[in-house]
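Below you'll find the structures, each written out as structure tokens.
One chain, subunit A, appears in both complexes that follow, with subunit B as partner in the first and subunit C in the second.
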Partner chain A sequence: MRPDLQQKQQGIDVAVLVSIGRHPTTGRARRAEQDARGLELALSMGAELPGTQISVLHAGSQDADSEAALRGYLGMGLESMTLLEQPEGSDAISTLADHLAATSPQLVITGARAERGEGSGLLPYALAEQLGWPLVNGLAAVETVENGVVTLLQALPRGQRRRLKVRLPAIISVDEAGPVARQSAFGPARRATFEVTATTPVADTELAQWHVAPARKRPKRLKIVKAASARDRFKAAASKAEGKGGQILTDVTPEQGAEAIYKLLKEEDVLR
Partner chain B sequence: MSEIIRRDPRREWIARNRLHPDYASVITDMGGGAAVSEWLGPNGVMRKNPRAVGFIGPNGVKRIDRSGLQQGGQSAATTTAPQDSRRTVTIEDPTFLVAVVPDLTGGRLSGHDKDLLGLARRVADANAEQPGVVVAILFGEHKEDALGDAGIDRVVLLDDDVYAGFSPEARLAALSAVEREMAPRFWLLPDSPLGGADLGRRLALRLGERAATGVWQIEADHAAPLGWHCTTRGAAGSLDIQRPLPRVALALAECAEPVDETRHAAKLLMLTAPVPTTLSRIEDLGQVAVDPAGVALAEAEFILSGGNGIKEWDAFHHAAKVLGATEGASRVAVDDGFMARDRQVGATGTWVTARVYVAVGISGAIQHLQGIQRCDKVVAINLDPGCDIIKRADLAVIGDSTQILAALVAMVEQQRGGQRDAA
Partner chain C sequence: MLETLLPILIFTALALAVIGAVRRIRLWRQGRPSRVNLLKGLVALPRRYLVDLHHVVGRDKMISNTHVATAGGFVAAAALMILVHGLGIANPLLGGLLLLASASMFVGSLFVARRRINPPARLSKGPWMRLPKSLMAFSIGVFLITLPTVGLLPDGLIEGSGSWLLALVLAGVVAWGLGEMFFGMTWGGPMKHAFAGALHLAFHRRAERFSTKKGGAGRSTGLKALNLEDEAAPLGVEKPADFTWNQLLGFDACVQCGRCEAVCPAFAAGQPLNPKKLIQDMVVGMAGGSDAAYAGSPYPGKPIGEHAGTPHGPIVALEGKALVDADTLWSCTTCRACVEECPMMIEHVDAIVDMRRYLTLERGKTPNKGAEVLDNLIATDNPGGFDPGSRLNWAADLNLPLMSDLKQVDVLLWLGDGAFDMRNQRTLRALVKVLRAAEVDFAVLGTEERDSGDVARRLGDEATFQALAKRNIATLSKYRFLQIVTCDPHSFHVLGNEYGELGGHYDVRHHSTFIAELYDAGRLTFSPWKGGSVTYHDPCYLGRYNGEFEAPRNVLKALGIEVKEMERSGFRSRCCGGGGGAPITDIPGERRIPDMRMNDVKESGAELVAVGCPQCTAMLEGVVDASAEVRDIAELVADALVERPTDEASGGSRRPAATTTAEEVIV
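Let's turn to the complex of A and B:
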């Protein structure tokens, strides 16, 4: 980065929303993968832009299990985090929206979806709708922050990236494309403190009515062959895949062949 | 003509009796000139004459071809051309609407989109007396020529420039306009990252609904407010949540079977009021050039793959660079040391999912063809017109690969040069 560019950039207030994750095989509480990536993004922003204030928020109950999981975030290099205390089964959206509206950070970073509970990934969208802030999902990197406008790289499928300019304040959500989270250090994690804030919890009555069970395996889709004759059924079962109606160019000059390929590549829009 | 089948009992009697002297002529008569193998018997049962089927093969052995492809001497009368079995369905005055917003990746309905349309059809056709219609809202231009075959009754086309790129705010405004005008009973979107997953959640919050995300199964349930119950995946895929189906649902791939028995009208609908323009706070600066060599082969969009037929590897690498394609290779090219092992495409290498796969000098071993099963378009450049990849390819060019690649590179460079001059 050029020095004159860096001088124009100033630090901003970043709030990172973290949740308690669930280890996919053991089911134990841990730091959530996507939230940890979000925190990593914020920490690397803080290292690049001096003066960046990072506050970490969690809405949930305070007990031994969740504390151990939350200390996983603190061990990434934080001195304290804010815990908005509310009992299990409460709606986190209204609590977080109230807190964010009161503290008004310029950038809110969240994971795309939680690893426990409903895990619908609706929370960032609900916050964006309630606060009226723009939201960008699938974030890969934050490039620059200048005059209340942040330039971001959004991850697209197939390893592609898209550059976006978003006016602050904004909410960005991070999924697997974000930077890999650093290791959590045990000592600093033990020394860090929680700032517990009491809230007025709103119970999530809708979720309580739903029937929740461990996921069962989805049935594998059967290959249904609708063929009239035995020969067609046999061919569908035994033969290798063949494209239908492929165009074959024989006895053409290299230029004509290249022309045809070029036309197809243009049609498919893969040439940049 | 009258509907009554006129019968000639005497002729039928002769046709049943193979030893009758007039048998051959009657049988020929019934088949309209040629010998018949099937006719309607006196009791309305199809009668078959197995001796009239088949033809005498080159070695004097009788052969029977049941595919109907080969026109044997005698079987010609019985073979019928494969006809279109799809039923055409038009729904004129629907009771309700099911709105679907497909991803339309690259202008085509993806497999996920088709599954979703199958789900929408299930919801719309549940009650035959009160039929619903499936309205597809398409952003940008599409390249599908048979939208009706996927189960779409009505189409709303929104191909304005404001919907190009990442434009969630403009798209949301358009969907809100559709909601105001048509008030669909259900909104179904694919739960695919950076497509329906994003737009659907925005829409749900705008409509004040708690969307069902990751839906993979729905069942009719009269106790539910909208008549359906759904099973969704929650908590990073570790929970199954059963809940009543809300108005907005985001469905996973393979949530239903795609439509394949009916054909629908796909009638164009227009929005009466213009979509209000919104001031976007997100500005799309376009895609960033990514080094194609750094993209993982399994998720690369455009692959240039080389095999045994390539003689000049420097030219091949240059072509990949100019075209902006990720490089792949067949097993032979890797074994011979021309390419790295992680570039191998096929059963023992990587199973690729490219949209366009260009196979240069690859004959197409079965292991290689397995690896490219999920590619959309396959282009083959090969010297041998009889090899297996030609059968798989959507476009095959028979000729010297070095010259064709050189011509292609020249063409792309010339086109790019022209654009740069104009800019």
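Let's turn to the complex of A and C:
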């Protein structure tokens, strides 16, 4: 970073949305991997841009199990976290949107997908829609913040990066491309406090109608590799399968796009 | 003239020594409180010094005898000098004794001087190089001024009119000696070791380490628990003043003999740790200042003079340099070789773990794979992050009895995290075969078992250790068993020595001990050994931590193996490099510790090295191009097993048949 850029930068208010994660092997509550990466991103922003205010939000109920998991975030070096208290099964989106609209942070960071609950990955989009803010997904780094414009590095498949300039306020979502979360330390985690804020919970009626069952392992499609040499085998193992027969749709209406996706899903037997 | 000068000199030196002592004590008292029975400690001091400490010093006969002559001579000479020259009690008998004492001290100091000609690298130089001269100055000075007292010299020689110069020179020599011996003792000179060392012995944090008249001389190797209930209690040691006062006192007792440095595996591997320097750094931190005055071997790869600290400043800086760098603390394998060798009974490992605790619990700075391993321990109860439900997968065909079915057995077989390691699974299978051959009534916890917490604790994560320990203790309390047997010395140590403080008291045995007992009871029969020469590698956590040196050797002997001992074996065994989370923190050095150990094996000429620890197996087997095979004792025993003759008499040939039957009745 050039020093003249550094001088123009200023700290901003950042809100990090965190959820309660679920360990893939044991199912124990923990800090969610992607949310922790999002918080790491915010913390490293805070270290680089003095004056950055980080607030951490969680919408959910307060109990011993979830508290232990949430303290996992606090142990990364926070003094407190805002807990928007609402019972299990409430819709987090409206609660978070109300809170964010009221506190108006300039940047909201969230994980791309929750580890429990629906885990549909729609929360960032729903929030962006409700607040009317731009959303950038798959964030790799926040480069600079100048005059209300943030320069971001977005992760694209196969290690590519795209630099984007986004006007604040904005929402950014973090997945595995984000920075690895720092270790959570016991002492700071134990000392940190929860600021419990009462909310008017809205029951998630759609979720209540769903039938939830443990996922079955789906069979993997076999990749047939016809390799004559070690180099070919390596290429086959290291590279993603080249799309065959795929098509890139540009300048189509949403209806046409949806139709193309629907057709593909039918072809692939995902929808019957 | 001397008659007036001497008392002034002596009492000035004594007064200065007292002032220095008060100042030094105030330095120690910066530390946190520690409950020690002061009076009891002082009463026990002579025995601790003469018996326990001497036991360690006596491993080097030359220096031990030198010390007896020098220190004994000095203590006697100092006391007598105060009487004879200080208070003017010119008794010829006292004078004669004083001559004798100072002569003894002089002889001793000659040997001290000889040791300082081309001293080994482990010895500190600097002020220590002048010590033999100071000792000579004191002893010669005292000897000469005492000669007239006993009438061996005409009074006139010194008192004569022309001899004032001689008297002045003598007074100067005595003053030099007094300066070093009295003044230097409490003002930070080399003789500080005598003052701090004596008090350190008296107020030692692990009084159990010392013998009493009733015997004992127990090992005290379990780490002390942090109080996690009290939120105000500090988590580990951030700054020198966070140590307990008697730990600070212990650091001050160091004589810089470098025995720890000579045995430290991390130092030998070129990792940035030197136990002696670490203790000296703690002294520097306690008093405030820089390490520039340190005159011994540095931490490998870290020049002297770049680090400084204060009693209330951080030991490890958040950024840049403070007193010690974090990689120094993370290089330690907690093998306790330094503690075992230390003639001043200093507890290096406790100090290192205390500082690690702060780094992990407060800073969240466990290096390399540390954070991942700790996260795994929290989420899956094992360091590898394996599904806890798969802990017994290796034994799918063995039909192992489960505690949850039996509720009550003689022996609870503790598997340890080796259950997830394919190499250690071979050991476990061998051990199960041996137990079945001996018809032992045993069961396993199966998926109810968790990591013992050893790695978490040594990585400084006391919170995770205590969480694991408490859940293990709760599980164990559901069942009845006579003893726990394990093939993992780390689990053995933690279950046996560290769970007690948290409320779990068990009779734990290493599998080698248990197999030796089974053999002695006539419950195992072995075919004669046909393999090549064998050596035995003592695991630190079995040997130094728990004093079990004999049982594995007895088992090997029972197998018909004559052990070719390595140069460093028994309590001096060299670490495999696998303890203390060292493979996880993985601090780079110039060599690998297991390579050095396999080189020791090679030098012994053995074709096979018997081990008794999953860590040692993994570390030693990881050595490329090794000259010897690595086998666990359980595997050797399982291979040698022969069907026990059904005839009771021949089975019990090593023992009366009646006892054997009684043994089986318990089953």
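Throughout what follows, the second predicted complex is superposed on the first by the 218 of 272 C-alpha atoms of A that agree within 3 Å, B and C clash if a C-alpha of one lies under 4 Å from a C-alpha of the other, contacts with A are read in each partner's own complex, and residues count from 1 in each chain.
Throughout what follows, a residue touches a chain if its C-beta (ideal position, glycine included) is under 8 Å from a C-beta of that chain, and two chains touch if they have at least 3 such contacts.
Note that the structure is a prediction, hence the values are computed from the model and not measured.
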Contacts of A:254 with subunit B and subunit C, given as first, second, both or neither: first
Partner contacting more residues of subunit A (subunit B vs subunit C): B
Contacts of A:269 with subunit B and subunit C, given as first, second, both or neither: first
First (subunit B), second (subunit C), both or neither touched by A:162: first
Which of subunit B and subunit C A:23 touches, first, second, both or neither: second
First, second, both or neither for A:188, with subunit B first and subunit C second: second
Residues of subunit A at both interfaces, subunit B in one complex, subunit C in the other: none
Contact footprint of subunit A on subunit B as seen in their complex: 66-68, 82, 106, 165-166, 168-169, 193-194, 197-198, 201-202, 204-206, 210-214, 216, 232-243, 254, 257, 260, 281-290, 294-296, 299-302, 323-325, 355-356, 358, 366, 369, 373, 376-379, 381, 385, 388, 390-400, 403-408, 410-412, 415
Contact footprint of subunit C on subunit A as seen in their complex: 23, 25-26, 28, 30, 75-77, 182-188, 190-191
Complex contacts: residues of subunit C adjacent to subunit A: 231, 235, 360-366, 370-371, 374-375, 378-380, 385-388, 461-463
Partner subunit B, residues of subunit A touching it in the complex: 22, 24, 27, 113-122, 125-126, 128-129, 134-138, 151, 153-167, 170, 175, 206, 209-216, 218, 221, 224, 226, 228-232, 240-243, 246-255, 257-262, 264-265, 268-272
